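First, the structure itself, so that you have it in front of you.
A, B, C and D are the chain letters, set down in written order, and residue numbers restart from 1 in every chain.
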Amino acid sequence: MATQVIVLNGGSSSGKSGITRCLKAILPQPWINLGVDDLVDRLPPSLTDSGSGIAFGQRGEVEIGAGFREIEAAWTTGVAAMARAGARVIIDDVFLGGGASQERLREHLQGLEVLWVGVHCAPDTAAGREIARGDRAIGMAAAQAETVHKGVLYDVEVDTTRTESLDCARAIAAHVG
Amino acid sequence: MATQVIVLNGGSSSGKSGITRCLKAILPQPWINLGVDDLVDRLPPSLTDSGSGIAFGQRGEVEIGAGFREIEAAWTTGVAAMARAGARVIIDDVFLGGGASQERLREHLQGLEVLWVGVHCAPDTAAGREIARGDRAIGMAAAQAETVHKGVLYDVEVDTTRTESLDCARAIAAHVG
Amino acid sequence: MATQVIVLNGGSSSGKSGITRCLKAILPQPWINLGVDDLVDRLPPSLTDSGSGIAFGQRGEVEIGAGFREIEAAWTTGVAAMARAGARVIIDDVFLGGGASQERLREHLQGLEVLWVGVHCAPDTAAGREIARGDRAIGMAAAQAETVHKGVLYDVEVDTTRTESLDCARAIAAHVG
Amino acid sequence: MATQVIVLNGGSSSGKSGITRCLKAILPQPWINLGVDDLVDRLPPSLTDSGSGIAFGQRGEVEIGAGFREIEAAWTTGVAAMARAGARVIIDDVFLGGGASQERLREHLQGLEVLWVGVHCAPDTAAGREIARGDRAIGMAAAQAETVHKGVLYDVEVDTTRTESLDCARAIAAHVG
């Protein structure tokens, strides 16, 4: 059966966005992308300036409140509906809760043909790239590099530490039905 | 019944984005926003470089192909599903087909409590703001300023020609249930 | 004698960037722009995370340290040198020190034909636009709207409260030699 | 004598910006950066829409007209003046003319202590990264990867093909006086 959703899970600065752009360029069918960062970018002040929403600490910690969880669930329901309606969607996510986060997402994607992809990157390398990109709070990359993969099951795993985005994308594309 | 979706329709450079940010800042409940521009930003090269997708002409014309229509329908299905799942969503759109575009969107939003908002701006003023913002193809503002409102029915109408975004947002907020 | 430098002084969110883009579009000669924001964007972490550089407070205050002053002086010397070498330069600035800031800049621009432009905007209006643009610390617009003009002498003054960027640019262009 | 200017020369998508951000983060003194891209971003429509300015072709070609050369010379004079006035400046450039471009820049920087850095990247790798970043015309990376280094003399050379930006920055920093 044809793949309907590609989920890329990896820590901050692990290289998910670059892989996503390459996938969109090389896959023969049209794919769009919507990730957790897109939701965060769209949150109202009431969910970024309060304990109920999402907050980023000085050393890369991410704190999630009930208000964020609620809107995230509705958001994900919608992304799944896009896929069910025929849009091929790449979801890039950061499983802060590891396997538990995957379970939550798996519930939303029930009935869809999903390709689960682990995007690994050595913590030191990701931390260096975080400095090089210059638009992320320092500390997130190292804090998330390994924890986001705990207890998560994948169909494909790529490692950007020594593999370019385009080559990772090619490896993933080989599994897209 | 509580408003679940706010649709802002207006031509390019009519001021929808500024009003959206103000709405998110002043409405007591958390609202997110997803518009047609967000979809366009996420299209793969196969839908921006071919006749099947969307193309922007030298003088502000927008050409829409079957491939874009298809993915747009799936996208909109998903946005409606977000709203049905409890996310309050501001949709900013450009009804290139006027009333026919509204009908298409209305189908997708069936059963939801929608506030339809017309965002007007005098063509000359919008054309001037297009130059001032510097990130849009020159000509779109003038070409779309009036045509996008043809045959469209609204619950509220605002005009940014002489009213600030925040004041327009306040006028709209007064109609949000 | 031909104008070599246009200085736009106004508070945050008063509309300087929009006017700058319009000026570049309508002036017959090629003009480039370099402002204090461009310098701030290029500062290294050592000047944005320490007392020596520049810091933005929670309510829109801006604190300037000796390290920032030093590099700003060298930067401005360079911008003046560009103009002396034949580049027409629009400098957009925020005279936090009012007339004293103007004196400091005037020193750097000695010998150049400068058009001094005051960009006014009613504090409430600027504060509303600050919300609408969504990328500035809330409070700066109101805090700076009037203080930056204290003791400053202009060749032209425009007010964006009720005049569009393009019309302001036209008024300024009429004074460009 | 203390280094006053660091020049990074490399083709499009060779990794200059990432190295620049890392250098600013690790060098003990404050450094700012100004490159040819910053000038291009600031050009008025009259120099981006006409034969006199700069134009980017469909396959990554860059065409330079007399109007661009003129303003570029004034710009570079100003950047050199910033360095002479005490600002430490990282200039990132693309020597489309190879050694001849270096000579032109060397003239402007006369009397300054300059560290010349070659930023290499294998053409295929740079072309892949061009797809992954998604904001550059496809073809520039491959077209420029080798030609920009022809006849250029360096104090340090780094290769981002297999070395991270941060490690390249460390290698360069070891030569900064």
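Here is the rule we go by: a contact is a pair of C-beta atoms (placed from the backbone, for glycine too) under 8 Å apart; a residue touches a chain by one contact, two chains touch by 3 or more.
Predicted model, so just to flag it, every value in this text is computed and none were measured.
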Legend entry - Intersection of the contact lists for chain B and chain D: A, C
Legend entry - Shared interface numbering between chain D and chain C [over half = same, under half = different]: same
Legend entry - Angle of rotation relating chain A to chain C [CA atoms, steps of 5 degrees]: 180
Legend entry - Identity of the chain that, by mean CA position, is farthest from chain D: B
Inset, instruction - Would you mind pulling out the distance in Å between where the CA atoms of chain A average out and where those of chain C do? - result: 40
Legend entry - chain A and chain B, separation of their C-alpha mean positions in angstrom: 27
Legend entry - Computed distance of Cα centres, chain C from chain B, in Å: 33
Inset, instruction - Specify, in ascending order, the residues of chain A that touch 2 or more different other chains. - result: 25
Inset, instruction - Specify the contact topology among the chains shown, as one of line, ring, star, complete or other. - result: ring
Legend entry - Full enumeration of touching chain pairs: A-B, A-D, B-C, C-D
Inset, instruction - Using the touch rule from the top, collect the residues of chain B that touch chain A in their complex. - result: 24-25, 27, 30-34, 38-39, 42-47, 53, 67, 70-71, 73-75, 77-87
Inset, instruction - Using the touch definition up top, name the residues of chain D that touch chain A in the complex. - result: 18-19, 21-22, 25, 125, 128-129, 131-134, 162, 164-167
